[in-house]
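Notes follow the structure.
By written order: A, B, C and D. Residues from 1 in each chain.
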Amino acid sequence: MAIPQFKQLRRAYGFDEVAIVPGEVTINPDQTNTELKVEDITFTIPIIASAMDAVTDVNFAILLSKLGGLAVLHLEGVQTRYQQPQEILLQIAQASDTEITPLLQKVYSQPIQENLVGERIEAIKKAGAVCAVSATPANTKRLSPIAVEAGADILVVASTVTTARHTSKSYRGLSFSELRKTLPMPIIVGNCVSYGACLELMRTGISAVLVGVGPGAACTTREVIGVGVPQITATIDCAAARDEYQRESGRYVPVITDGGFRKGGDLCKALAAGADAVMLGSILAQAKEAPGLGYHWGMAHPHPALPRGTRIKVGVSGSLEQILFGPASVTDGSQNLMGAVRTAMGVCGAFTIPEMHQAEMVVAPAITTEGKFWQLSRSPG
Amino acid sequence: MAIPQFKQLRRAYGFDEVAIVPGEVTINPDQTNTELKVEDITFTIPIIASAMDAVTDVNFAILLSKLGGLAVLHLEGVQTRYQQPQEILLQIAQASDTEITPLLQKVYSQPIQENLVGERIEAIKKAGAVCAVSATPANTKRLSPIAVEAGADILVVASTVTTARHTSKSYRGLSFSELRKTLPMPIIVGNCVSYGACLELMRTGISAVLVGVGPGAACTTREVIGVGVPQITATIDCAAARDEYQRESGRYVPVITDGGFRKGGDLCKALAAGADAVMLGSILAQAKEAPGLGYHWGMAHPHPALPRGTRIKVGVSGSLEQILFGPASVTDGSQNLMGAVRTAMGVCGAFTIPEMHQAEMVVAPAITTEGKFWQLSRSPG
Amino acid sequence: MAIPQFKQLRRAYGFDEVAIVPGEVTINPDQTNTELKVEDITFTIPIIASAMDAVTDVNFAILLSKLGGLAVLHLEGVQTRYQQPQEILLQIAQASDTEITPLLQKVYSQPIQENLVGERIEAIKKAGAVCAVSATPANTKRLSPIAVEAGADILVVASTVTTARHTSKSYRGLSFSELRKTLPMPIIVGNCVSYGACLELMRTGISAVLVGVGPGAACTTREVIGVGVPQITATIDCAAARDEYQRESGRYVPVITDGGFRKGGDLCKALAAGADAVMLGSILAQAKEAPGLGYHWGMAHPHPALPRGTRIKVGVSGSLEQILFGPASVTDGSQNLMGAVRTAMGVCGAFTIPEMHQAEMVVAPAITTEGKFWQLSRSPG
Amino acid sequence: MAIPQFKQLRRAYGFDEVAIVPGEVTINPDQTNTELKVEDITFTIPIIASAMDAVTDVNFAILLSKLGGLAVLHLEGVQTRYQQPQEILLQIAQASDTEITPLLQKVYSQPIQENLVGERIEAIKKAGAVCAVSATPANTKRLSPIAVEAGADILVVASTVTTARHTSKSYRGLSFSELRKTLPMPIIVGNCVSYGACLELMRTGISAVLVGVGPGAACTTREVIGVGVPQITATIDCAAARDEYQRESGRYVPVITDGGFRKGGDLCKALAAGADAVMLGSILAQAKEAPGLGYHWGMAHPHPALPRGTRIKVGVSGSLEQILFGPASVTDGSQNLMGAVRTAMGVCGAFTIPEMHQAEMVVAPAITTEGKFWQLSRSPG
């Protein structure tokens, strides 16, 4: 009898299953540098707000740019479907749990108004902020020229899973190499989770990659279509692709871990796993300046035939500035995210984010019988 | 001292512990082909309804056949023990939790009426549907000739565990090779979970194999007799047996993962693990056309001496068509199962189910401390 | 720098983490033989009742012996400290949760009355039952002559951990080789959990070994002193010692897995892991004939300085006969234990318990996100 | 294509995931020796009270010293910021959950009064107790001369993570080699968790090392900054560093596992993993003599910008003597810690703590589906 050939499964890890090991050298947090560069644009903090309607509108994009980060405006959300999106956002916030999915399906069935695309971008640029906008692959050819003309600085092309090679009957496959040549701005593409797919994307010449499909533990995408890779493993794999691509091309393409974050520690773990930046949704939806009015929902939720995700009441935890820079008045890791990042870099002896990529990590599941028992830090500093 | 020889245990995985990794190429869901062939009979969707009384009756079998799948009528259930099974099904639905086990033991102690066996089959055939019927090994010799005469198309022979070699005092062991030679129809046999047992069954000449013993996590069979293999590992093992058998015989015997499914993602994972089709119980018991009136129970539950299983209130979630093809109005993965399958195949770049078998999978436990926290997809499409 | 030498930890498994894989051959349950032999004494079922006051008294020992198993009377429990233990058992059953530990400490501080030791044994023997009695190593020299004189058939010497070599200031170490030579009856010794300790015990000439220290998941011994090995691994290790000892001596010393069982499936798993029999406490305390009045507590609970364990309300689930042989009227695996054992043996194709030791097992954790969802067996038989 | 270089993650274990295996030889608990030596100072029990305001004040330090252990007074806590700390401790105990973090931030913003540093130390010494005091690296140069002058016996220098090499803009890095030469007393340094960092610290000439960063499962440090190593692995690694350092220098530097303990079993596991002593916070905060009035909080909680930890109501479980030596009137492992340690050493056949380091351990997760079910020890002793 031949030796049976069984399909092999690799173990993958999420945020909750790992921890960072302190280094043999430590530095003071105030000596760390947390810069992110996307081509020629430099951000002082490696934090990007998701292209989600509960997170990013014009005002939020302006504010986060001033604070050193970047927010991405989705060109296929309520901001470009409605002249007055506030009314729609209020309806969403006030809908009951049973009404919400049909309501979202209806809200997002309204057509995108191309004039609004231009207006939103111009409003962001007028305030002197960096303007990033997002489209799905199917709509990129239509929307990107409008974005260019209105003065957008960065284009994000993203769907649940995006690859360099896509076959479709309904639209001609988007070629990122061609897009890169014709567009006068950096292009961020996502989402991907594996070494091979990420390396292929980088080889098309794009500017940065979003990492994350079905991030986290109980993600709806995993429930609905079974697809997903936990974020730590996805980040490790895509970071390996980035390093390989740099070896072969000399070009450094940042990896942005997108989704599944719940607290400051998760950001630190993503950076230690190899991320150059993080893209945050629900954490930033809690800012008092976020458009979601204390609610959050995913952009795949309104899918007409196969909706995925849930609307969540996230509440309002403080100003965006407090969430990013503190001071924290709570101890659950939801405020002063950059203080957390700098502290973690300090205990790992990392002056820069690329040095943070060298930090040792362990697999250390966060669940135990007594997981609800108290645990206290014992010393200040 | 000799080196101690300890018994070795292999790690096995269930649906919740794995996830599918997107491919390096993607295709549009509408370009996928989801066909299943059992000998000369082709089904457009790889979905089979369990031979359980809460799922399949004559009407349900007709409906699912028209929708492209297959339902299996159990020849030892209420449909063949009672002229008017509706009354019995109503009693089961209305019994209290403490009454249910004795009631089921009583209900299923009534004799099988051979005339009803024929009548049920004829009713299905008269409607132009494909008719599959199920018997246990002990009753196969008695019931299969009646099924043949009444015009059934497919015979399913199944018990908790069925092997090619069985020893019994009370009835002469069933020989599948002999049965295959004498019966003029495809024979599906189950259930099995291991490479060796599956390969032996295939070598008897049968047409397809049901995979699953004590599927899932908290299965009653595992509690009561300790036996079971989680479905992903069972499917991987039996798929390896199928591939080996094809190498040695040239014949392709489909593997049907039977049981333990809770949502669309589980179906996708079974296919990625190597299944050619899935057999569903509780998910389909939620269809408004299912005979169980919103309840579901297992066919081992009525066992007179060692009952296993529980009656569950599954509720009614929509029509069978909506469960299979959507559009979904909920986001928990319980509707639009085929939309989920096609979407998963799309992100894996699989045009056919055999191509889906090549998808990469990871071990990615679905439990974490924060498993109840929200997770949102970020982009449409 | 030298390569660091880290302490290595081996992975150990409990009942909930494993499952039995069906065999390639199956047999009918009624063809199985479940005999256990302890030297010249044969039991038709491999089930032994714990030497615990909530489980075994004179009447229970007589009944279980008649049903084919064995119950062990503890010579240091309430039966030998009190002429009328019923009153004490009633007090224990009626005490509140805060009163129970001090009450048990007080109850068990009463002296053992040697005349009662003899009386209890004689009562069991008078009824024609096999009589097994239990003592701790410290009291064995004092109590065993009384047991011999009163006619006991089997002596169990057990403490939390018992080894062949023990150092003590307060009493001269018990030598099992000497004990074995002087006592005219089989000696069962425990508890142990490791290959080496078990092999050493067998080499002293004893008749059987009890396996289990801190069995199960949330065991008090593990909480209080951190010591314990999950039962599947402990059984596998001690079974390997038994096989090695048989190779070197020709003598077969049964291994009895003691403790941590919750349902029939656990018994089956212990036998598949290598046990020749199982010792049950809480499951049998639920019998209506058990002396505990629906409560159960451990014999280390009354320890004057370091009490371990909790008193649990187990309730009364049926007669001992029903628990052992059914028919079951519940589906949770707590009744018809022998039916479960025979069914499991059947699906593994095992005619005898030594054949059951050859069954394949997998690691298959019983916890998942959806662990509370329903799981149903799909076919009778 | 080059083989991808993925970041590797090592598996780490916490208290709940491991258990001690009994030895092949056992000894009576009363024959064990539990001594700890820090340079020339010998303690009869290996238990050190944390430098936390809810645990250690002058009276507690005196009492624990008399009982054979050691308590560490934090020189940067309420005892040195307030002449009458009782009032402050009462405010903390009476604050609501929403008030507590801002209150602690305010309480600890008061300046340290150097005269109080001297007074507290003198009070401890006057009672004839061993006096250990604690400072953070940033304040060590200022506070240590005062401690020396007042007669302190041991200096503890500790922060969340302390390394032999630290870079700071705001204060000149503390050199432990220099400190060791100038100070006439043993120096204990912490916290660290890895082989390399621990070995470097030992090479500076310090007297003992505290092990533990973000100990336990759901630790706030892990949530807030993602950093931490579970205590069993941290202890194993630092014990390996200790053994390596002894090989290269001939000097034995004790390893003290600090934090994450919840019950006696955890202490036993730390010792078996290689610890020479344990530092306890919340367990001792439950003593009726502890200053926290039934509450406990971490010393990183008051951090002005990035507070970590929670205030917990621990309650009052008994006197310190009862917690340490029993007799226990509860069975949850929170009392008679030394009885538990000695019993565990007994079943491992360890006469001394260095012998206990040789005990075998297994990975044996404490969680299972049935984790809440009862488990009972079956025999006394």
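Going forward, a contact is a pair of C-beta atoms (placed from the backbone, for glycine too) under 8 Å apart; a residue touches a chain by one contact, two chains touch by 3 or more.
In this text, all values refer to a predicted model and were calculated from it rather than measured experimentally.
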Superposition rotation for chain B onto chain C, Cα-based, multiple of 5°: 90
Self-contact between copies chain C and chain D, residue sets same or different by half: different
Between chain A and chain B, centroid-to-centroid distance (C-alpha), Å: 39
Distance between the centres, which are taken as Cα means, of chain C and chain A, whole angstrom: 55
Junction residues of chain A - those touching two or more other chains: 13, 217-218, 366-367, 369, 371
Complex interface listing, chain A residues touching chain B: 2, 4-7, 9-17, 50-52, 76, 101-102, 105, 108, 134, 136-138, 158-170, 191-194, 196-197, 200, 212-230, 233, 258-260, 262, 279, 281-282, 296-310, 312, 314, 366-367, 371
Chain D to chain C touching residues, read off their complex: 13, 18-28, 30-31, 195, 232, 236-237, 239-241, 243-244, 247, 263-269, 272-274, 326-333, 336, 339-340, 343-344, 347-349, 360-381
